[in-house]
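So that we are looking at the same thing, I have put the structure below in structure tokens.
A, B, C and D are the chain letters, set down in written order, and residue numbers restart from 1 in every chain.
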Amino acid sequence: MERPSELPQRTANEGTPIRLGGWVSRLAGNRLLQRLGSILLVTFGVMLIAFTLIRLIPGDPASILLGEGASTQDREAFRELLGLKGSLVQQLAAYVGGILRGSLGTSVESRQPVTQFIASRLPVTLSLIGVTISMALVLAVPIGILAAIYRRTWFGHLFRITASALVATPTFFSAVVAILLLAIHFNLAPVAGYRGNFPANLRYLWLPALVLCGVQVPVLARVLQSSIVDTLEQEFVETAIVRGLPRRTYVWRYLLRPSLAPTIALLGYIIGTLLGACVIIELIFNLPGIGTGLVQAVTNRDYPTVQGIVFVFGMIVVLVNTSSDLVSEWLDPRLR
Amino acid sequence: MVGSSPQVEPNLWQRFLRLDPQMRWGLVLIVLIILLSILVPLLSPYHAERSADTPLLRPSFAHPFGTDQLGRDLFVRAFAAARLDLLLALIGVSIPLTIGTFIGAVAGTTRIAAVSYLWRTVVDAINALPFFVLVMAIVAMLGQGVTGILVAIALTNWARYARLARARALALRDVEFIQATRLLGYSGARTLLRHVVPNVYAETLAYGLSDFALVIVAIAGLSFLGVGVRPPTPEWGAMMSEGRLLITSEPWIILFPGLLLSITAISVALVAERLVGRSRGEFF
Amino acid sequence: MRTIAAAMPSTALADDVLLQVRDLKICFRLEHGRLLPVVDTANLTVHRNQAIGIIGESGSGKTMLCRSLIGTLARRGALVTAGSIVFNRQELTHATEGVWRSIRGREIGYVPQSSLAGLNPLLDIETQLIESITAVQSISQQEAGREAIELLEKVRIPRAKQVLRERPYQLSGGMRQRVMIASAIAQKPKLLIADEPTTALDVTIQREILTLIANLRRELRMAVIVVSHDLAIIEEIGDSVVVMYAGMAVEDGPVDVLAHSPRHPYTRALRVSRVDLATPGCEIEAIAGSPVSVGAWPEGCRFWPRCPLADDDCQRPPHPGLRPVGQQLSACIHADRMGRAA
Amino acid sequence: MKRSSLLAMAMVLALLVSSVAGCTPTERIVEKEVEKVVTQQVEKVVTKEVEKQVVVTATPEPALGAKLPIAKMRLALNGPVPTMDTYLPMLGPAGEAVLLATGHLFRFDKSKTPLPDLVDTYSISADGLVWTMKLHANLKYHDGTPLKAADVVYSFNRIKDAAPTNKTLIKNITNVEAPDNQTVVWTLSQPERELPSFFANYFCAIHPQDKVEADKDYFMHPLSAGCYYIKEGKPGDPVIVLAENPNYVHGPMAIQTIELVVTPDMTSRTLQLGQGDVDFVYELPPAVRGVLAKGVSTSPFNIGGMIGLVFNLRMGEDTPVGNNKVRQAISLALDRDEISTKAFFGVATAAKGVCPDTWPEFVPLLANGGKQDLAAAKALLAGTPCENGCDMTLQTWSDRGGWPEAATVVKEQLAKININVTIDSVTAGVSMARMDKGDFEFCVGGMGLGRPARIWLSNQYVPGSFWTDKAAYKSAEMVALFDQAARAADEKQYLEATTKIQELGLKDMPLIPMLNRNVLIGTRLPDNVFAMVDGSDIFWTATMSEAQ
């Protein structure tokens, strides 16, 4: 649900200046080191935020959950469970140590380790995100190209208005309308539920993914459109026209490939909105992902699980950010 | 350039006509919804929270939006809900806007190196985390209800404004008139308050409007999940989650609040997109 | 459309005239339908295997003229509003995209102005050359590969095999210019248009590029149009010269004739202000005033505000067109008076 | 420019409006008549006697009986099955899976009487203190491992002190041993006529000792001597497939496989039933009373129990909740019929006594026949903390169909005797956890877990059981009455004791009965299969022999 207007503009010719006169050979190493450094910083930042979440609770969490009547011995055990023992620094060290060892604490409600709860649900969310992204790319690329080429015609204006309207439409409303029309009325997809293994679960995932695409496709298409418009002004596109190259080569090699990379670079940023929407869509379509897990944990005030899921969400964003940066730099050396 | 009659100050109506259609439509819808949300609960005979008629009536002249399971008139509830949602969104945007802009401006102008590292861990991490997930987590900690939501949104959204403000402040740093203030010996604070903040504020304000559309939807989303404003208070998200049950037999219970929410969000977004687009000269 | 254009009775063209531009007018499309003329009454004739130099200050419309010859005006939001372009007995002013696509690359090769960034940064040189080669005839990849190497050698690029595998950012400015020329002549066009081919290069490389273009003209028996703002380059490469000022051709004639007996004050002013010909120690004459801005052209002869011979007749519309004076064409009404005074 | 933005606006609105119009095709008109038919029949059936569970086919043409055995039945559960280990506190759905996929000594039949299952014959000693049970010959688990009497002894000792509910039933068992592979001898300290129903519940499942202790996560794929075993999936999965147990002593079953589909969200369960992804759903939201779609029949069913208000007696007499007269006043101030129609659309009917009015033990003891009497209620409030108004917080379970609406109606009614109620709607899990800690004032509660009546009543009034602990109600006199009922020689003595229990219950009023807990069940199954499947919330499916 981020606003497109605040997406950072890293299109090919705006951000990193293209150094014309002979590339300065730079140490590839420090670029990698620098990236690794920033990943670690953001990861530590996410850990810090997840860590401070529990400290936000007004009053003593143990008394909130256990009630006033609980004995001090029970309360101490509970504070142990929440990792609230010792000084703040010790707690942070214990928390970070725990994460490195792969444990995110134990759930208050089911007394099972949080990692197990998340592990059983993560594949559902990841497959939903995977299907949505691939569907969004398949839909956004053609629309982006058409919007760029015909931007001065009625199609361009219609695209701009419908895109900003779709981006603002609440996902859960479009989900309800989708269920009403596609699932119930035309019976094209199951109303809710999920089945495990790969090919079978596509039947349950395509409708939620389509609803998510309602927001992702306009955003992606707009980013692609703006980077294609930038590419159109490039000199090498003029060369392609002047050479009278066949239309297909012209569109693919001279229009699309140079503009794909900046779009994929922004994909990492757009994933944030996708994950936010996933939470609601999973609930409406009853997909047992970490989104419903989070809602369940929030309603049951299961603090360690909430903390763990927030951390996992952060990691997904960081992971997708890094991989989209790597892919875009591999695709287009100018972004390096 | 071409000499013409002295420029008479165009009154509001002329300036409105000169706006392009997208802006015009957006403004018309927003004003309409605000007006209705004030008038309908006042003029309607029914009370938003008490049952008015037999439950689950179809939309009719007496009840344009029909009635819900407990017989409450949905037309009144929907516009009473509009009041609450718009108010919450207004507060939910203005607080983080001011905090974020100030922190961002300060972070942008200071020369201390440590600030950028601290910034990269804290603020970038907050912005990395999905907005809705973080707000839900904070609501879980602080407890549900209106105050919980507003604090959660403030704690999450300030980082987005801060990042914007810092980027603008950094850009301003080597602009001549800022350097000039240092030459003239202005104190850091005076430069910041008199020059940097007003400049940065213009940009974050425009961005705030497009954020307004998002915050309305987020608040409704929280209540839809049963984590925000709780029934029986009239709120779009809560009404939709109540109506979701009868989607097959009485779909209007969920569709009308959803429609109102979408129209509000879309019109604010359309207006914001023109404003933000124009003020930042950004092509989208 | 193609057939109709061909059937039009083009003016009696000597059979070896390749390109005939008559009274061409090009305007930019502004908002609310207003048009801003950039080129007005441009005239140009190119014979087969002839080398033409077009000289003019920036803003004189020379680049827009070249673009009109290759049909990329629409990209810049400009259009031809009057006059005609006949290429190889084919009227092009209102040609469709299909017609243009059959001409670009095959009939007319074009080296764009800032061609240093003219190569696709994502593709290596070989793909970009093979693209141009196979655009016209479908031949096998190895065939095209060999032809690419031939092309590179033709443009005098050392270690051609190794250069093929490299990416544009790995080549120097001069090398990239040569690759651009290679890809322009890949389909053996009848006419090569080079828009300021040497501006961004240092002097030593400029010499090599100019000799390269001259050699290619001879080897491929193709006509060449070189556009520049530097008279020295034009005189070295062109058989004849067209002088452009404020959107119109003010003088057109053989290089040597214009060199020693210019019949238009602007051409003479250009010659006199050349640094490389100035005798050391004496004043260099600069042209008075500053180049006129597009859209604010004065009435009558557009050079009169800066012209030493200007009098009242020059200021009266319509602006004088090219008319034969001695061995060249001149747009100055006092052209014959100039001949006597020089 | 202007035209295109109009176009966009029109397109978005058209999409949204069509979705509303989309659902009023001819199908809706068909639904209208059918709905009238159903609502009449619902009143007719409910007022008569629900006990006979007359199956109401809502669709005009009655669905023909299917040829048995049918291949598959998909059942929607309202929550995941955490584990198959019985002694952990169970919440609804896990109970179904455990009951079907584990072996039991006894098993409830359709009318909730416990019949011998793994037990072949059993005899009780004269003084009623020694039970000798003979198991069927060469019993086997589903994978063929033989089932020995020692397994029964091990299984009981394992859950003896951890049994989640009903300490009353097993507190008198002093010893159990297995003289040989087929006989199990139980010795009791006091006669207990309801013992078989303890074994028929899901907490006493039989498992082999060696296998349980050898494998750490045995209960993820336990052995089953019951009618089904887990074929696919494990506890915690979204779908668990139970297949017919080939070695089941009373096999083969009338339904070959049962698919447990976990759909926590009530709306999704309803929509899945309407769409045909699921064949059977418990507890449909009453608001959906009409027909969801063709082929779906919904009918009210008494899952044995009541819906009432549970009070937290830990708060002293000086507080509104703790004060007995206030509670009596509240009971009088409730208009049970309005709650039934508004919140449950007439499905759950108004209560007249402590027990459901269909049970033999039922006695209409509620003051004023359960009808509202505001004047008497106001009179009662004199001299109590609520004399001139008070505030109370009513907790309700948000994931039970109709309960939040019931809370809203109660709030409106109590406002008439100026008791200002604020509603706190939470999920069942959170509410129960809070009630265990006494962190509530009064709460809408559902007293289920079926028959027999004495056990169900003990659930509410005998310390150490589910609702009594939540209300923290302690009364020695009540415990004595329950012992008297347990020792009752004949039916008459038993009924006398239960009536006295109900009278004392209404006098102390730890819980106010509001409605008979009728639940709307939805199914797509043919009639004869549906007849086998429905049952109390402890689930029952018929073997082929029983189905004929």
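Criterion: contacts are C-beta pairs under 8 Å (C-beta built on N, C-alpha and C of every residue); 3 or more make two chains touch, one makes a residue touch a chain.
Note that the structure is a prediction, hence the values are computed from the model and not measured.
Two chains share more touching C-beta pairs than any other pair, namely A-B. Comparing each chain's Cα centroid with the centroid of every protein Cα atom identifies chain A as the most central. Per-chain CA centroids place subunit A at a distance of 22 Å from subunit B. Between the CA-based centres of subunit C and subunit D the separation comes to 91 Å, rounded to the whole angstrom.
Subunit B and subunit D have centres, each the mean of its CA atoms, that are 45 Å apart. For the pair subunit A and subunit D, the distance between C-alpha centroids works out to 42 Å. For subunit A, residues touching at least two other chains, in rising order: 161, 165, 169, 177, 179-180, 184, 283, 299, 301.
Among the residues of subunit B, those touching two or more other chains are numbered 22, 226, 244, 247-248, 251, 255, 259, 262, 266.
Interface residues of subunit D facing subunit B in the complex, by the touch rule stated above, are 1-2, 5-6, 9, 12, 16, 19-20, 23, 31, 266-267, 270-271, 274, 285, 287-288, 290, 292-293, 342, 398, 404-405, 408-409, 412, 423, 425. The touching residues of subunit A, counted against subunit B in their complex, run 1-6, 9, 38, 41-42, 44-46, 48-49, 53-54, 56-58, 160-161, 164-165, 167-173, 176-177, 179-180, 184, 222, 226, 229, 272-277, 279-280, 283-284, 294-295, 297-299, 301, 303, 306-307, 309-310, 313-314, 317-318, 321.
Interface of subunit D with subunit A (complex): residues 1, 3-5, 7-8, 11-12, 15-16, 18-19, 22-23, 80, 82, 233, 236-239, 261-265, 268, 271-272, 274-275, 277, 314, 426-427, 429-430, 433-434, 437-439.
Residues of subunit C that touch subunit A in their complex: 70, 72, 75, 100-106, 110, 112, 114-123, 127, 131-132, 135, 167, 169-170, 172-173, 180, 183-184, 186-187. Remark: subunit B residues 20-22, 25, 50-51, 55-56, 69-71, 226, 230-232, 244-249, 251-252, 255, 259, 262, 266 touch subunit D in the complex.
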